[in-house]
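Chain naming follows the written order as A, B, C and D, and within any one chain the residues start at number 1.
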Amino acid sequence: MSQKINVTIWNEFRHEKEKEAVKKIYPEGMHSAIAKGIAADDLNIRTATLDEPEHGLTEEVVENTDVMLWWGHCHHKDVADEVVKRVQRRVLEGMGLIVLHSGHYSKIFKALTGTTCSLKWREVAEKERLWNVAPAHPITQGIGEYFELPNEEMYGEPFGIPEPDELIFIGWFEGGEVFRSGAAFRRGNGKIFYFQPGHETYPVYYNENVLRVIGNAVRWAAPLVRIKDAAPNVEPLEKISPKNVSFGKAGVLQTPEL
Amino acid sequence: MSQKINVTIWNEFRHEKEKEAVKKIYPEGMHSAIAKGIAADDLNIRTATLDEPEHGLTEEVVENTDVMLWWGHCHHKDVADEVVKRVQRRVLEGMGLIVLHSGHYSKIFKALTGTTCSLKWREVAEKERLWNVAPAHPITQGIGEYFELPNEEMYGEPFGIPEPDELIFIGWFEGGEVFRSGAAFRRGNGKIFYFQPGHETYPVYYNENVLRVIGNAVRWAAPLVRIKDAAPNVEPLEKISPKNVSFGKAGVLQTPEL
Amino acid sequence: MSQKINVTIWNEFRHEKEKEAVKKIYPEGMHSAIAKGIAADDLNIRTATLDEPEHGLTEEVVENTDVMLWWGHCHHKDVADEVVKRVQRRVLEGMGLIVLHSGHYSKIFKALTGTTCSLKWREVAEKERLWNVAPAHPITQGIGEYFELPNEEMYGEPFGIPEPDELIFIGWFEGGEVFRSGAAFRRGNGKIFYFQPGHETYPVYYNENVLRVIGNAVRWAAPLVRIKDAAPNVEPLEKISPKNVSFGKAGVLQTPEL
Amino acid sequence: MSQKINVTIWNEFRHEKEKEAVKKIYPEGMHSAIAKGIAADDLNIRTATLDEPEHGLTEEVVENTDVMLWWGHCHHKDVADEVVKRVQRRVLEGMGLIVLHSGHYSKIFKALTGTTCSLKWREVAEKERLWNVAPAHPITQGIGEYFELPNEEMYGEPFGIPEPDELIFIGWFEGGEVFRSGAAFRRGNGKIFYFQPGHETYPVYYNENVLRVIGNAVRWAAPLVRIKDAAPNVEPLEKISPKNVSFGKAGVLQTPEL
């Protein structure tokens, strides 16, 4: 495609305003750091945050997004259900979604996986080494066998997700745990990538490997199609043999609201 | 296990009261027909229906269910969200769930798959032949290469579900369509089986192959474990090397309500 | 990539020389018909056939192939094991492989799947309708909900393959069977697509939908990487704690020939 | 089933005879240690080793085995191809196969996966912690969240296997690597479990968690069916419409030898 990919980076954007330690690292918010970090000619990037009207995710914005990134942490509950449904519907139509770090517990990720998305955790600035277990995958291009983050929050197994369609990274933590730190899913016509790095108190979104993975994931998740949900009542393609039953129609199927 | 499997068969149970054609086939409801059809010494079967208090799915009932069956059609919306969450939580803890026919559009199936669950459909009493594509699977034991239903509602592809963990049956329809008529999923600690047969205007739940598949699925889905959701903050198992960063804790993770 | 994709179309090419019915349809061989049918600026296409030296698949040819197509039928046994291993090794390094029709029983497909690849079959020129069950997949772009072949050999389930990583097409046959007619696999660093159409006595490889699917599959299977097999003995990345066991090295691991 | 499961534990059994360090740990061979370790009333266990005639895996033995265990290391090449095919055929008919440690490079595992099965490795007696990522799976029953081996050979990612149907354990290694240390596959009618622990110079097969996993895996892999390979030429189940093509039969499909 010669057309640019429309990317919307969504961020809760409260830690950066409320906590000095975070503000120092990301004075303009994590969304801005990521936007700068992955900026490229083929990407048309905008950002949106929790405290904007409709969280910055109006019908128009969601309609015109090809790939959405999602970072949230302590305020998942403040995201309106209506907006979550809007985003979910759009993913199932074909939009890509990249869920970052504590976004594992976001309403949108839980709605799309159907599972708890729970995990173990610990915050001692320990080292994580992310092993590339899918070296032929578009998401890992330019990443070597592994990369390291000197300080990261530990996320540990078991991780309450469906078996990923493709496992991309496994994280090794200094404190003794492992985690499926990169996991790819297909849902409806959309692609989803969960990526573990990004605790707010460490400068993870300046790491060039992290940014490269996110940039790769955006291009991988960019949709080829957009297909509206439908449950059509269709005519037979072949001749139906005579039936000796009389059958009453019990009702017309209505496509339920998502 | 010498212990019996506690089975709860849930049915919308309105067509059978409101429509003569359906009442004739299932005078006591589809749930009763299925309960009789799969009755066996190792199963402890109860039923529950939409119009009972809490739809018959009180905390106590759900707590004490190992495998739940679900048939719904025109009144999915009348199922209380709170009850749906209760059932979903229980599946993720380990309960089995068998979703029948038009239950594809139930709130519980959509919540667990995360997808539209949409499909094509047609109601002309046509023949369906279900091909067994997993002859070594517990669910297909005693079923031959295929079985036929002389009259069934057509459900056609594309079916809006995640790629099944195991594809069990593919349906061939007289009118020219195909359908993934038996599909198995693992979600959390629970197993889910979607099974296409069961339109209310045909006597499908008296068919011995259909009953055998359902009975097999109940035993397959019976849980080995029950694991409550948790997101523990854990101590390191290995010594953490000294860090030259000071890191502020940004907040304590709360396990969100499902 | 601005670089062209190097495609090698391999064909058994005996039916076309020996059987009048086939020769009439494909006077220059199926490989030539496919080559013409998918010709495009981004593809650099060559062909190779069984009766050439090394079946036309010399080290040099295989080295310089990005995506290989494979059609074989009655002479799978005549393909030299050494050539099969060469192709398998190349797939695992990253080459794409598209296995056509009766190639399901080729040595190369069986080697890569590990399974019998058996199926039911019947040759009565019946109609096949291929349902697109993955409308967002690169392989199905430009194909509608389904396409039909007026005459095709029936291939029926159960099909002795591993669960595909992505199911793309399900075939409906006039005579009453179904088949996983399009199935995608990842093996090592390579992508594999099995595609059912192509019985030699019908002009299937002139069908524009079939050609479009093959062309799409070629681009989907084109590799991003080439990674040579290795089993490195590596140094620790972290300090190993003192051990109070003396351990003798039992032997150095040798990477076995494939 | 009241019937016992017929288990055959196959071992290369050369290290134990040739190397003092190994002989001390397993004077009667690893196969004997495992046989004693998993002995139970529902199992009928025999052993077989490389240097017996036909490696102890005669037609009769293989015919009468429900689940086979496989440990090999430096002498994979000495296993006769004919015996490998016999075992592979039997797995595809329904036999379970449990591949242990360096068996990752055995002919039988490579034949069934179709891939290189390569990995990183290091032999410094380091600690491995195996994380249970599938707590509801039959294989992990009785195992807690993780278990540790004080000394194990490191096996590291990327591991050259197809995406497992179910990932069971992820290993954390003291030296900084991770590994998919427990991985379950379905192939044909058989189940396969790869389990990483078991380097010959450490007493791994006396570890109660390791033995419990192996015992669980044996019961999980025990077959429900045995289905001989076939590719039947079948009659139509539905009436075929008249065709205006004359089609010559191009040849009768022969089921190839595996």
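In the analysis below, a contact is a pair of C-beta atoms (placed from the backbone, for glycine too) under 8 Å apart; a residue touches a chain by one contact, two chains touch by 3 or more.
Remember, it's a predicted structure, so these values are computed and weren't measured experimentally.
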Subunit B on subunit C, rotation in degrees - Cα superposition, rounded to nearest 5: 180
Most widely separated chain from subunit D, with each centre as the mean of CA atoms: A
Cα-centroid distance, subunit B relative to subunit C, in whole angstrom: 36
Centre distance in Å when subunit B and subunit D are each reduced to the mean of their C-alpha atoms: 32
Between subunit D and subunit C, distance of the C-alpha-averaged centres to the nearest whole Å: 27
Multi-chain contact sites of subunit B, meaning residues that touch two or more partners: 129, 135, 156, 163, 165-166, 174, 176-177, 186, 188, 237-238
Complex contact set, residues of subunit A against subunit D: 129, 131-135, 145, 156-159, 163, 166-167, 170-173, 176-178, 180
Residue ranges of subunit C in contact with subunit A within the complex: 94, 129, 135-136, 138, 141, 165-166, 174, 186, 188-190, 223-225, 227, 237-238
Subunit C residues within the subunit D interface of the complex: 15, 19-22, 73-74, 76-77, 88, 92, 102, 105, 110-116, 118-127, 151, 154, 156, 160, 162-163, 165, 174-177, 185-188, 199-202, 229-238, 240-241, 243, 245, 247-251, 253-256, 258
